[in-house]
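Report on the following structure.
Naming follows writing order (A, B, C and D), and every chain is counted from residue 1.
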Amino acid sequence: MALTKNQIAQRIAQELRDKWYVNLGIGIPTLVANYIPEGIEVEFQSENGLLGMGPFPIEGTEDADLINAGKQTVTVLDGGSIFDSATSFAMIRGQHVQLTVLGAMEVAQNGDIANWKIPGKMVKGMGGAMDLVASAENIIVAMMHTNKRGESKLLKECSLPLTGVGCVTKIVTNLAVLEIKNNVFHLLERAPGVTVEEIKKATEGTLVIDGQIPEMRL
Amino acid sequence: MINKTVKNVTEALVGVTDNMTLMLGGFGLCGIPENAIKELVKRKVSNVTCISNNAGVDDFGLGLLLQNKQIKKMISSYVGENDEFERQMLSGELEVELTPQGTLAEKCRASQAGFPAFYTPAGFGTEVAEGKETREFDGKMYVLEPAFKSDFSFVKAWKGDTSGNLIFKGTARNFNPCMCGASTITVAEVEELVPAGALDPNQIHIPGIFVQRIFQGEKYEKRIEQRTVTPKS
Amino acid sequence: MINKTVKNVTEALVGVTDNMTLMLGGFGLCGIPENAIKELVKRKVSNVTCISNNAGVDDFGLGLLLQNKQIKKMISSYVGENDEFERQMLSGELEVELTPQGTLAEKCRASQAGFPAFYTPAGFGTEVAEGKETREFDGKMYVLEPAFKSDFSFVKAWKGDTSGNLIFKGTARNFNPCMCGASTITVAEVEELVPAGALDPNQIHIPGIFVQRIFQGEKYEKRIEQRTVTPKS
Amino acid sequence: MALTKNQIAQRIAQELRDKWYVNLGIGIPTLVANYIPEGIEVEFQSENGLLGMGPFPIEGTEDADLINAGKQTVTVLDGGSIFDSATSFAMIRGQHVQLTVLGAMEVAQNGDIANWKIPGKMVKGMGGAMDLVASAENIIVAMMHTNKRGESKLLKECSLPLTGVGCVTKIVTNLAVLEIKNNVFHLLERAPGVTVEEIKKATEGTLVIDGQIPEMRL
């Protein structure tokens, strides 16, 4: 069974480590905050200027002056802080944020990522994604393995305009966990019940399968 | 002490003319200079270049200027919340320069702080870096980005004093502090204007030296884009 | 939330060894990390490079490390308050890199913010620019200055919380915020350590992300260099 | 009569304009704050991180955490603010400070200034002076016309290591007010009772004397 979006988030949450500052992109990445493993402390950074981002506010207490990068009303946890945009990207560019999780339209086997533009069609802008992928030491892409037309999103080369080059290290999709090393995808784990063959078929880029591939534990 | 107060938004915008480059604070609709934007609409200032992280929504924020086709060019990082924007851009009516968000913030800060340009890794290897100088430092590649040059900055703060000192509230801070002092003239509008001496000098977010004009905005709608809440249990 | 507290100054300095590069906050004797400096003396850490705007006075601040000849090299903007310093420098015992004050601050900030280098007009045409790249932007000349690379930052704040958030008091702020997050490990000592949640998130000067270790200093002497007063009338 | 240090400061104070932010160096420049003309408002910036610097504190109220760039205990006026060193030099480099007044050991007729080092003898450091002179649009040097050995400090070329190049626009000494234009000194005013000849004799650099030179008014 392919993972649900929540299960992708749950699997990514297993990658969190104690004392990490984490930036979660819009979409599936946001859900990761719901699955922080027991016994570890992480803080979420929102690039519009918030550290220690908490859950959505209790109905009636929402504040127009307190939103996250997705423009959603949020809260600040005890020990959180507010800062301006230049300081926010000082944190990101200065590699003070240990993990970035974001979505993608395409990932290439050399670690390139495309997620901000479809020429002539969609031009929403890159927001903070280019800064994040250019600076983060540790980037996990959360996405579906294939697009709506069933085409692989794990490619030999990206066809869309790039967001960053050679930066993605790990990918968690609805089918698998993969690592990028030496310019190829390495299959690390399968979604429960999904076969290596299914993953192979859904992956256009070069896929290295080394030994037995375990099923994910959720 | 130097007094920066002007009577109202009309006086605050004296000198704003067509074809100027304007910086506008805010992230989404959070912390935008609502009164200055309305006055720009009212004055029908046209053909302006706007530096702003976002372009508002169709009927609020910078979207109001877009509806009236007052904007020649937008310099932003994310413009996905505005249909009219997308239409004008795809039809070629509107010039758009999409800039990584951190680069956008630092291009403001560089201008504020007297740096002519800076090297950032953001955008290297992408179309953002096309035609720009790139350079390696310690094995990593960077793109040279110039500081902005702008005529007016319009920012919105929570509290301000007559000396131009500003304090922001919550994430309505965002780009506002970075844009202060980054244009020839910085106009700050505040929810509450207090006398010099009423704010703790240790708790000023933006010292008055970066602000040329300050006024108390008439009212603030503070529209919420995504009202997300946890239901009362 | 992430807890950054360490028990005391001894634990705060774990990992500091000979030959390291250290940043130390303060301007003159104002806002210096008194407890960290005393611990460096006690540990006899030697051959260190110190990045600090000043070098203390003969019997206080970094002067204590100088007396013990623990410092190999000083990177400062002004060192005129210290006779032993001048003696060691003129005799060649001490290596000294004098850096314009604004450049010094920005070399810290560049390191904090992930900029590899920056262009500043300060020092162009002087011996400070010798051997450095210079470049013209808009008819003005600039010098390319690299960011600092440093092992430990020792800073002093007024209040801090267990998440590492810092608030400074008066001009004891100076270089301290710029040095946070500008070294591999930043150690903050505070006059008062409070629980996470006790400080207003809007009024934090340095977010905890830039601080790895925090502790409450045992005591602060806060010596005044130039006690200038207006007589009571 | 040559001016006293206080009179030099008094003459410089006449250059202040309403709404200017001003940085005063150590020594004679500091005294300028005592002579602000009636009817104008200026604010003093101290590069260690203080805007709206006030007079020395009343005895007994001095605070070790509130000093100026000369390490003297000071006060903050209502409407003042405190900031870090990077922000302080953002103000200076970004040309938000309208006037810098500082001392000098030598000034050359092309506007070069030397005030931080005597090789092998005095090595106190440049502090913020190099940043100030490289960025300020408006720099007034306050100094004695000659040094302790009676040698001119207004030179064809500086002999000491430079602080900045081609940056000084005006000089107020104990003998005269001079302007630098087209790489020569222009005599603007004489100290009361001081003759043009005396000023000529004390000036090593090229001195342009255009018409009658008025006496300063103090």
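Heads up, the rule we're going with is that a contact is a pair of C-beta atoms (placed from the backbone, for glycine too) under 8 Å apart; a residue touches a chain by one contact, two chains touch by 3 or more.
Since we're looking at a predicted model, the values are computed, not measured.
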{"item": "Chains touching both subunit A and subunit B, listed by label", "value": "C"}
{"item": "Chain separated most widely from subunit B, comparing mean CA positions", "value": "D"}
{"item": "Distance between chain centroids, defined by C-alpha means - subunit C, subunit D (Å)", "value": "28"}
{"item": "Distance between the centres, which are taken as Cα means, of subunit C and subunit B, whole angstrom", "value": "33"}
{"item": "Computed distance of Cα centres, subunit D from subunit A, in Å", "value": "56"}
{"item": "Subunit A and subunit C, separation of their C-alpha mean positions in angstrom", "value": "36"}
{"item": "Per-residue multi-chain contacts in subunit C, two or more chains", "value": "109, 114-115, 120-121, 168-170, 173, 202"}
{"item": "Per-residue multi-chain contacts in subunit D, two or more chains", "value": "82-83, 86, 89, 92-93, 135"}
{"item": "Pairwise touch network: line, ring, star, complete, or other", "value": "other"}
{"item": "Contact pairs between chains, per stated definition", "value": "A-B, A-C, B-C, B-D, C-D"}
{"item": "Interfacial residue positions of subunit C with respect to subunit A in the complex", "value": "1-3, 109, 111-115, 161-163, 165, 181, 195-197, 201-202, 204, 207-210"}
{"item": "Footprint of subunit C on subunit A - complex, ascending", "value": "19, 21, 41-43, 45, 51-52, 76-83, 86-87, 89-97, 135"}
{"item": "Contact footprint of subunit D on subunit C as seen in their complex", "value": "27-31, 53, 76-81, 86, 89-90, 96, 98, 100-106, 108-109, 120-128, 158, 168-178, 205, 222-232"}
{"item": "Subunit B contact footprint on subunit A (complex, rising order)", "value": "46-50, 55-60, 62-74, 82-86, 88-89, 92-93, 112, 120, 123-131, 134-135, 161-166"}
{"item": "Residues of subunit C that touch subunit B when the two form their complex", "value": "114-121, 137-138, 140, 142, 146, 167-170, 173, 202-203"}
